[in-house]
Every structure is written in structure tokens, then in C-alpha cells.
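Once you scroll down, you'll see the structures, which are given as C-alpha cells.
In the two assemblies presented below, chain A is common to both, partnered first by chain B and then by chain C.
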Partner chain A sequence: MKHLEKAFGNKLAIALFIAPALILFTVVVPLPILHSFYMSFFKWDMLSEMTYTGFENYKELFSDEIFISSIFHTIEITILSLILQVSLGLFLALCIVNITRGRKYYQNAFFIPNVLSSAVIGILWFFVYNYDFGLINSILKTVGLQSLQQEWLSQKYVIFALSITTCWQWVGYHMILYVAAISGIPQDIIEAAIVDGAQGFKMVSKIIIPQILPVLRVSIVLIITGSLKYFDMAWIMTEGGPDFASETIATYIYRTAFNKLQYGLGSAASTFLFAVSILITIVINKFAAKREIAY
Partner chain B sequence: MFAKYIKISSAAKIVIFAFLTFYSILTLFPLIWLVYNSLKTNNDFLANPFGLPQISKLQLKNYYDAWVTMGIQRFTINSLIISSVSVVLSILISSMAAYAIERMIWRSSQKVLNYFLAGIMVPIQIILIPLFINFKKLNLLDSRIGLLIPTVAFALPTSIYILTGFYKTIPRELEEAALIDGCSVYKIFYKIILPLTMPAFVTIAVFNFLGAWNDLLIPLVLIQTPELMTLPVGLLNFRGMYGAELTKMFAAVVISAIPSIIIYFVLQDKLLKGMIAGAVKG
Partner chain C sequence: MKKSLRFIALAVLVIFAFSFVLLTQVGEKKVQGATNELTFWSWVSDSDTIKQVYEQAIKEFNSNNKYGVKIKAVYTPGEQYKTKLQTAMAANNPPDILNMWAAGKMKPYVDANRLYPISDIMNKDKQWKDRYVDGVFDLTTFNGKIYGIPQIRVATVIYYNKEIFKKYNLTPPKKWSELVNVIKVLTRNGIIPFALDARDPWILAMYAEYIANRIDPDAYRKVQKDPNAWTDKAFIETGKKIQELVKLGAFPKGATSLDYVAARNLFDQGKAAMYVMGIWDVGYLSTQSPVKNKVGAFKWPEIEGGKGNINNFLAGIEQVIAVSSNCKNKQAAAAWLKLLSEQRYAKDLLAEKAGYFPSVKVNPDPKKVTGLYLEVLNMLKDQNTKDSFTYYDVMFGPIIGDGFNNTIQSIYLGKDPVEAFKKLADIAKKEMKK
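Coming up: the complex of A and B.
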């Protein structure tokens, strides 16, 4: 259809439709990334002159123990989140697909934390973990287990505590993805498996998990990318403390730039985070390519 | 549905129900604890953080104080403004872009789509320092416009992704017929496509509204005056100022959680459907 091509190939119309999104997006995302990369070669606090220092910022970054430890904390949170959210989410999903009564209630109950803002969740859990009047310690006291009371946001437990809160926030989301995937497994596959005698654990490991693998992969990707930029909970509950025990790459960037006004150093850390994200994206894309071949 | 063709013994069913019930209590109890403590006096809370409030001494005044005296009202209004305006803008801008990418005929359309989609992977921390510095130069710090720009921009990739998927499903015949009737591309988009896109718009609106409503990092960096703070930043500021009046702060936290929960219960089908579709396709 010639007139169709003429109307929908109208260059001016295309430009008018795409321009607002393209300009806004380019100005806010790719250009600042380049700007950040550029600034990572300068020392600057916004008050004095910007001075070019080459790779000085990167050297400083990787000799800063706090930054190195922030990388490890980010990795710890990623691993803990993967373990907690995937296993619990899968377990909850397997329970939920086997019931019909009350299903809606359970799904809502598990999902509700996910719609709350991190400010709400962070402040709430700060008080859940509080030593003197927190929920956990007061329950322990009520049931006579004072000996188990802890300073939950202490150096020893803080990463674990933060990961538990993040699990509380996100496990319902992953559970819902798994429930949708399990409900979408073709009936004949399940029936054939039952005829073959697949029951219980065997059914889960041999049939269900392989069948929902694509969704599992998506949820793992979401957890990894979410953990990589882990900021809100660490900042609200502990500000990266105590004594930087919960400093993540993201809180490090924020602190360096906006508390210490070391914009160059902060930009170097940002650039590092960006490089890691790119790397992970490439790895993920490789996975995705594999997936296309497999199906 | 799965449950129909898997046989589970009734003993196993009881175990499943017991576990689910236990875990749902575990999940909901922190929220319930927050709500009932927001109705206590500060001293009652400190004396017994676990106990229920006395009915005769319910402190509804905590809510009044948090809302009126301590400024949660203002933060809520700010959040409403930012979230609603950013939803309208992101829908408008992303639907135009998605239409151009999916329905118009030009060579680089897929490249442009991939360019936007790459934005989904970008952690927002990376762009905050340059954004802050440039906004300072442009006098956009501490302004609603300054806050809206990145909020809308970061909503674009997912919105465009959902909409291009949606536009794929609209049959070409509609546009062809309109074209023969003498409609221009602009008129086709405005009169035919936009009304058809309403269901997808609702999904995007819920997504982006909650995203803007819950966002902490962008307003934390870009807004410093309390007059313009959104709820999450306002709550943190509130904690800094009235940190000793815990039960009033609980009331403030409850107030700021209510809109999200209402939106969830009213539009949960839309929200969940969009989420599942997005994740399963992605």
C-alpha cells in the first residue's frame, strides 16, 4: 500500500513523535553518564577550580578500604537476596498453587510490602530491629527469651538484617512471578509426569523448575540488578553504618558526592558502578541468547 | 489451574495452610504493630512496645499532629502533584515515541527502541552527580520542574517497552481505513490509537504513579526545602526533626503508606498483569 507507506513514512511526523522522548531521555540518562565519566578525571568540590588529575580518583577509590568493603557488602547483599528471595519465593509459590481456598488472601498478604515506599519500609524496620523498644526484642522479652535479644543493626548482623527486610519487601513479587509461571505449565506435561510416577520433590525438581526456568532467570536478573544499586534501606536504616558496616557502592557514591562534596571521586565510583552494570548486562544477554536457542 | 490436577493428601494440605498462615502473619504483623502503636502515647509505647493500646486512650491526635502540625499534609500534596504530573507526561511522551517506533515506517526504529531499553539497566545513582551539578547551574534544584525531568525520563524505558508491545497487537486495517477516509497520521494517533491504548495506559499509570510516589533517591538529591519535599524525603526529614515523638512518626508513616495500599487494592489486577507480562516477556 503506497499511501500507507507515504503517510507512515512521513519524516516530519516521525521526528515530532519521537523527539520529546529521545531528547528527554538522552539529556537525563546517556549524557550524564558521559559527563560522570569525564568528571571522574578531575578533583572538584564545586567551590574551587576544577583540576585535572588523570586517574588519581580511581587510584584513591581502589585504595579506599571503605569503598572496597562497600563492594563486598554489595556482593553479600546480592547473594543473600538471591538465596532468601528465590528459595522462599519458590516455596511460597509451590504452596500457593496447591490450594484454592484463601489463595487471594495469601497472595495479597505476601505482596503488600512491595507497594510500600522504601521510606515507609525503612523507618518501620528500623523500629522492628531497635534494641530498646523494637518489635523483635519486645517479642523475645514477652516470651521470656531475653537472652536472645540483640542489637540487630550492629556490625555483626546489619547486612543480614537489611537482606531480611529486602526479602520482606520483594519476596511476594517473585512469588507472584513464579505462581504465574507454574500455572502456565501445560497440563499434559504435568499429567504425563504423574503417569510416570513423578511426585513431590521429584515433580518440583524434574518438571516444575525446568519448566519455569525462563521466569526464574528473569527474577534472578531483577534481584542482581536491584542489589547492585542497593541504597534505600541501607541509607534509611543505618546510613551505611555502624562504622560503614552496611556501606554499599550506592551509599558510597551518595556520601562521597553529596555529604563530602568530592564530586570527582564520586563520579569515579559511579563510572565503576556503570561498568559493572554493563558487564552484567552483557552476561545476561548471553543467557538470553542461550534461552532463544533452547526453545 | 495447577491445583486441579495435582492430588495432595489432606495432611499435606493442613501443613501447607499452617505454613502459609504462619508466614502471612509474619509478613503482616510489622504493619499491624506499626498501626496500633501509632495510636498510643509516646510513653505508653516506650513502656510496652508490644502491647495493644487501651481503647479509652486511643491517640487519634497523633494523626492530626502528623498531618497538620508537622507537615505531612504538605508532603502528601507535593507527592500527589509530582506523581500525577509525571504520570501524565510519561504517558504522553512514551505513547508518541512507542507509536513512532512500532507503527511508523523508518529504518532506525529498532535501534532507537534498543537505545531506550538499555536505559532499564542503568542504575539511577550513576547519573545523579552530573544531574545535580547541571541542575544547580540551571537553577533547577529545589524546583518541581527539576524533580519532574528525571522522574519522567526514568519512567520512559519501561513505558515505551510496554506500549510498543501493545501497539504490535493493533491491526493495521484500522489505520488503513482511517487513511482512506482522509485522516492524517496525527489525527489517526489522536482519534483512533490513543483511545484504544487506554487499558495499557492504566497499567503504565499505576506503575509510574507508584514509582514516583515511592521514589527516594531523586528527590533526596534534588530537593532540599521542606516546602517542596515529597513524602519519602519528607518522612526522613520528619524523623530528623521529630525523631523523639515516635508514635507521631508512626502515624506519619501510616498516612504515607495508605495511598499505595489503596491503589494496590483498587487496581491490583492491572498492576499484577502488567508486572507478570513485563517480567515474563523480558
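Coming up: the complex of A and C.
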């Protein structure tokens, strides 16, 4: 033990131990980002010579209707995901901490979608939304609500349909975060609140939510950053369609770079996405300033 | 104490050194390769019969060839292939022999001098070239040189369920008005006329490409030179015909959430009476499909007042193999490609076993192929090559071609054809100016 203490106190040793991670995060991670930024000033199909075009790609990007609409779709998905996942996650967490029997079972049941791969979930829900034999329309038919049957992946509903699938996938994860946070609230605070007459909604809004705020913030940041790079579900279920109705920034990047061979344009779009992600993270951190809770 | 520190430092350094050595070695090995080994990259998957053809031909070639080389195949099925190939091309480290696309999708590779004109070798070997069906090289020829060898021919036809047609007293339509009538009878009886997967825009585009041809075959030629021709009457009219089909109820409800297999299932289950698809599905439809004994095929009907002939086919080639310009032994690569054109591969395996239509001339044993296969083979003999045309996304490449597919999808969903094609013309103008 003594040897180790001594070793960790030594500056050289510290440097050596940090080196791998340092190299990783100063070279391997930022380099592709910088390279992509650099490529965004060129026109390149990966075969012919790269030609420098200045800000041409950015101009083209922002005059492309599909890209503009992809920004809006991404925002829609982000907002829907926030509303659905935070509220449902919180609701489920509150239910779960209050049940004693079968708590483990419910916890696992909601968490299972999270361990499935997105590809599997995408295909699964692709069938759920199927017009002919899909689960939703079949249920509607059995209960005699044929009039409510819809083409769930049509232009009108596709964003909503995708957000629900994503919610199904991730809500368990956020629920677990909230369960842990709620369980961590000291019992005496709760008891004191009860004595003061806090109950039901009041208890949740005045005591529980403020107490788990740091965890809520983490989960909100995760949902937002996850939604910004929303790709897998949209690509598997709709390929950004029909008629680009579910094109997100990430599917746009993939389509332009790998399907249309416009690497410069794709890089410009990813640089934009990178900038937006950084900006949003900064804003969230600023507005929801850290508030450590000391018990 | 100092000792332990030194030990730790040393250990870390050794690990670093080792990993560097390992990394560089792995890298070098990849770049160098064995000089007597030719790599062949393909996108076929285990379920493709063509993989068997490749595998057997490789085995045969590797066991005795005068070049002293071995061919090593690397299979990367699906979308990944494209990404992998592009990355390798960008790094200027392409495979020696590779699966390629035709026409517009091949052109960038030819323009960048990445492919070897195989006709340089082929022209000295007349017997080899004569094995192929006339015209199969049209889509792989640039500046008079052939850059790739197709393995199979494809074309799109309309399959139909003979039993359903018989039940409602219908015959394969030869004119648009007859087709409209067929659709009306079918919908009246609760049968879906066409099993369509509208999620994948290229499938819907096949309908449009046929309609445009039947209206005016020249439209296809015009847009190859003049991007403004996308707003020609023939295309606008095509858009209107697509919307007419939608209005008639020609397609299943919720077609945008059907994929290839789900759409085909509708035909398999007898819920849909017709199915527009390439002849690559003949094998499946005549051997595996639940309706296998009831499937027939017919040509796309003519449109009254249109200039297109019923014998103009939407046709093309598939499974093109090209030799890269970096190939270490082009003679050997050519010899292997020639081996692939042997009858035992083309006729026995592709035609008789898999139900494909090889690019090599074959006369399959009528007892060994299905009725549908023969029907389609005979139909292809009527082909009027002059006004036949190929898949637009292949012909016009990823920007204009896929743009066309998406245009048709948006029209299917209700967009005004005039507006939609104007947008496509803008895309084409920008692309062709470059």
C-alpha cells in the first residue's frame, strides 16, 4: 500500500497513467472532428481530386429545403422525447418506489427494451405500425374502433410514431435513474413533509422533484443530445421517408455523404450538428446551474 | 520505492512499445498482401446463389491455373459494402477484383481511373466475348471500352395471379384502359391490384419509368443531355398517371410502411393480384412462393396515344464484376472472369438452379426450369432494344437518379407533378453543370 501511495504521489507516475487517456482525448477524438470541419470546405466524392470551394457547401446546405426540414424534424423529435420520456419516466419511477410486491419485476420489464439493439427495436416497431397486421391497428379493430386505424408511418404521424418507439426504448433507463434518485432522498425529509401536510401532487412537485433535480438535469441532457443525433430508428424504420418526412440531421448527413457521395456537403452538415450540440450543452449547463444537495 | 516506480514506468513503456509494434505490423500486413493473391470483394450474401457460383469458380481457378495466383474472396453484404468500398477507394487501397454497379453508378469510378478496361484483354479473346448476350455490355461501356462484366440480366415485368384473373374473367391487359378496367374489377371484389412497397422509392419509380416510356421513349434520351427535359409533358403526364393509379385504389393501404418482403407477402397470400418487380424474383416466385403454380407474367401495357411500344423493356444488368486499375495480375483476373462465363456456371447454376437470367447465352433445359422462367425468357426475346431503357437510379447516378425516385414518391403522396418535376430539373441542372 505504501508503495502505491508513494507511486501515485509522484508526478511522473501521474503523467504516465494519464498519458493514454490524454492521447486519446487530444488526438483520437478531436482529430476526426477537425478533419470533418476541414472537409466541409471541399467538394469531394472520395474518388476524384478534392476541390476547395470555400463556404459553398454551407450555402448549399442552408438553401436545401430537405436539410431545413430535417432540422425541424430533429427539434420535433427532441421536444417530443423530452415530454414523453421525462414525464412517463417520472411517473413510472414514482409508481415503482411505492410498490413493494413485484418491484423488481416491473423495474426489469421497463428496462428490457434498453438492452435490445436499436436495429431489433426498429424492425419490431416497424411491424407494430404495419397497416394490415400491425399490433396497433389490430387492437383498434378488435375493440371496434376501425375508424381510428391509421397509416402510422405516413407523413402525418411518422415523427410521433418514431418518438414513441424511442420512448419505449429509453424510458426504462430514465426511470431507473429517477428511482435511484428518489430512493436517495433521506426519509426524514419525506416524513417532515408529511407532518407538514404535503401529499400527492404537492409532495411530488415541492419535495421530490426539487430533490432529484441534479439527476433530472442529467437525464434531460442525455435525451437532448441523444435526440440531436437521432439516426438508427429513423433509418431502420423509414429511411427518412416517406418523402423525407422523417429525415433528421443525422440521416441527412448519412444520405448526402454515403448515398450521394457528397462528402463535403455531409461534412458541412455534421459540423453544423456538432456546433449545435456544443451550444445546447453549454446553454443547458448555464441555465440549470449545478446545485449540489447536501444532506 | 523508487524501484517500484521505475518498474511501473518500464511496464507502461513496454506495453506501449508492444502495442505500437503490433499495430504497425498489422497495418503493414494489410497493405502489402501476398503478391500471388488477388482479393475479390463482393456484396453477395450467403443466401445468394451467385455466391455459390463465385465460390466454385474460385475453387476451380485456385486449384489449377497457369498464373500461380490464388483468388481470395471477401464478402460484405448489403449497404456496408458501399461504405467499405468507398473508404478503400479514398485510401487508394482498392481490391483487385470487385463487384460494381453499372452506368451512372460506375461512371465516377471510371472517370477517376480506378477501373481497368477489361475490353483490352477481352478483344483478343473473341471466343470469350461471343459467349455473352448482345447488348449486355452497353451499361458498362464508357468511351468505347468495357469496364465491367455483368453476371445476370434483369428486367421488370408484371407478375399476376392467374387464379384470381380467371376467377374474375380478366386477361392480361395490353392497353392502359384495359389495365384501369382490371384494377376496377379487382378493387370492387376486395382484392388489392398491385402489391406495392412504397417505402423504397425505387420500386414505385419502376412504374413511372414504364409509364414515361409508353408515353414517349424519347423523354429518357432527352434528359440525358438536357436537364430541362425533366419538365417535359411526358414526365408530367407520368406523374398524373401515378396519381390516377393511387386514386383508383391500385395500391395497398399503408404501402409506405410496407417493405419488400411485406409487399411480396400480399401477393404470396393471394391478397394482391399483380406484382411489379424485376425478373430476379422469378426464382422465388416459381419455386418458393405459396402461389408458385399460379404466377404468370405480362409486359407493361401500352398507353393509348403514346409512342412507346409494348416490347420496350425496363431492363438492365446486375452483379457486375470489374477489375481495379491497381490489380496486380490483370491477366489472371481476366482468366477468372472468363471462367465465370462457362456454361456450367451460367446455365447449370444460375439459370437452371437459381432461376436467374445469365448475361451469357444459355439454352436451359426446359425440364429443369419452371414454366414462369420459360415464359419470361420467351418474353425477353421480343425485346425491342432500341427503345428499351434502364433503371433511372442506375442510369443517372445517385443524385439525379435517386432524385427521380424521390420525386415519384412525393407525387405518389400527392405532390403536384409539375412542381415536383420542376424541382428535379433544378437538381439536375445544378448537377450537370459541375
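Note that in this section the second predicted complex is superposed on the first by the 257 of 295 C-alpha atoms of A that agree within 3 Å, B and C clash if a C-alpha of one lies under 4 Å from a C-alpha of the other, contacts with A are read in each partner's own complex, and residues count from 1 in each chain.
Rule of thumb we're sticking to: contacts are C-beta pairs under 8 Å (C-beta built on N, C-alpha and C of every residue); 3 or more make two chains touch, one makes a residue touch a chain.
In this text the structure is predicted, and so the values were computed from the model without any measurement.
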Partner chain(s) touched by A:83 [first = chain B, second = chain C, both, neither]: neither
Contacts of A:46 with chain B and chain C, given as first, second, both or neither: both
Touching partner for A:29 - first (chain B), second (chain C), both, neither: first
Partner chain(s) touched by A:148 [first = chain B, second = chain C, both, neither]: neither
Which superposed partner A:187 touches (first chain B, second chain C, both, neither): first
Chain touching more of chain A, residue-wise (chain B, chain C): B
A:283 touches, of chain B and chain C: first, second, both or neither? neither
First, second, both or neither for A:10, with chain B first and chain C second: both
First (chain B), second (chain C), both or neither touched by A:68: neither
Touching partner for A:260 - first (chain B), second (chain C), both, neither: second
Shared chain A surface residues [contacts with chain B and with chain C]: 3, 7, 10, 13, 16-17, 46, 132, 134, 258
Contact set on chain A toward chain C in their complex: 2-3, 6-7, 10, 12-13, 16-17, 19, 45-48, 126, 129-132, 134, 151-155, 238-239, 241-244, 258-262
Residues of chain A touching chain B in the complex: 1, 3-5, 7-11, 13-14, 16-18, 20-22, 24-25, 27-29, 31-33, 35-36, 39, 46, 92, 95-100, 102, 105-106, 108-113, 115-120, 123-125, 127-128, 132-135, 138-139, 141-142, 168, 172-173, 176-177, 180-183, 185, 187, 190-191, 194, 203, 214-215, 218-219, 222, 225, 228-229, 231-232, 235-236, 249-250, 253-254, 257-258, 263, 266-267, 270-271, 273-274, 277, 280-281
Sites on chain C touched by chain A in the complex: 1, 4-5, 8-9, 12, 82-83, 86-87, 89-90, 108-109, 111-112, 114, 198-201, 252-254, 256-259, 262, 266, 398-399, 402, 406, 409-410, 413, 415
Chain A-touching residues of chain B, taken from the complex the two chains share: 1-3, 5-6, 8, 13, 16-17, 19-20, 23-24, 27-31, 33-34, 45-46, 48-50, 93-94, 96-97, 99-101, 103-106, 112, 115-116, 118-119, 121-134, 136, 149-150, 152-154, 156-157, 160, 172, 175-176, 179-180, 184-186, 189, 210, 213-217, 221, 231-233, 235-236, 239, 246, 249-250, 253, 256-257, 260-261, 263-265, 268, 271-272, 275-276, 279-280, 282
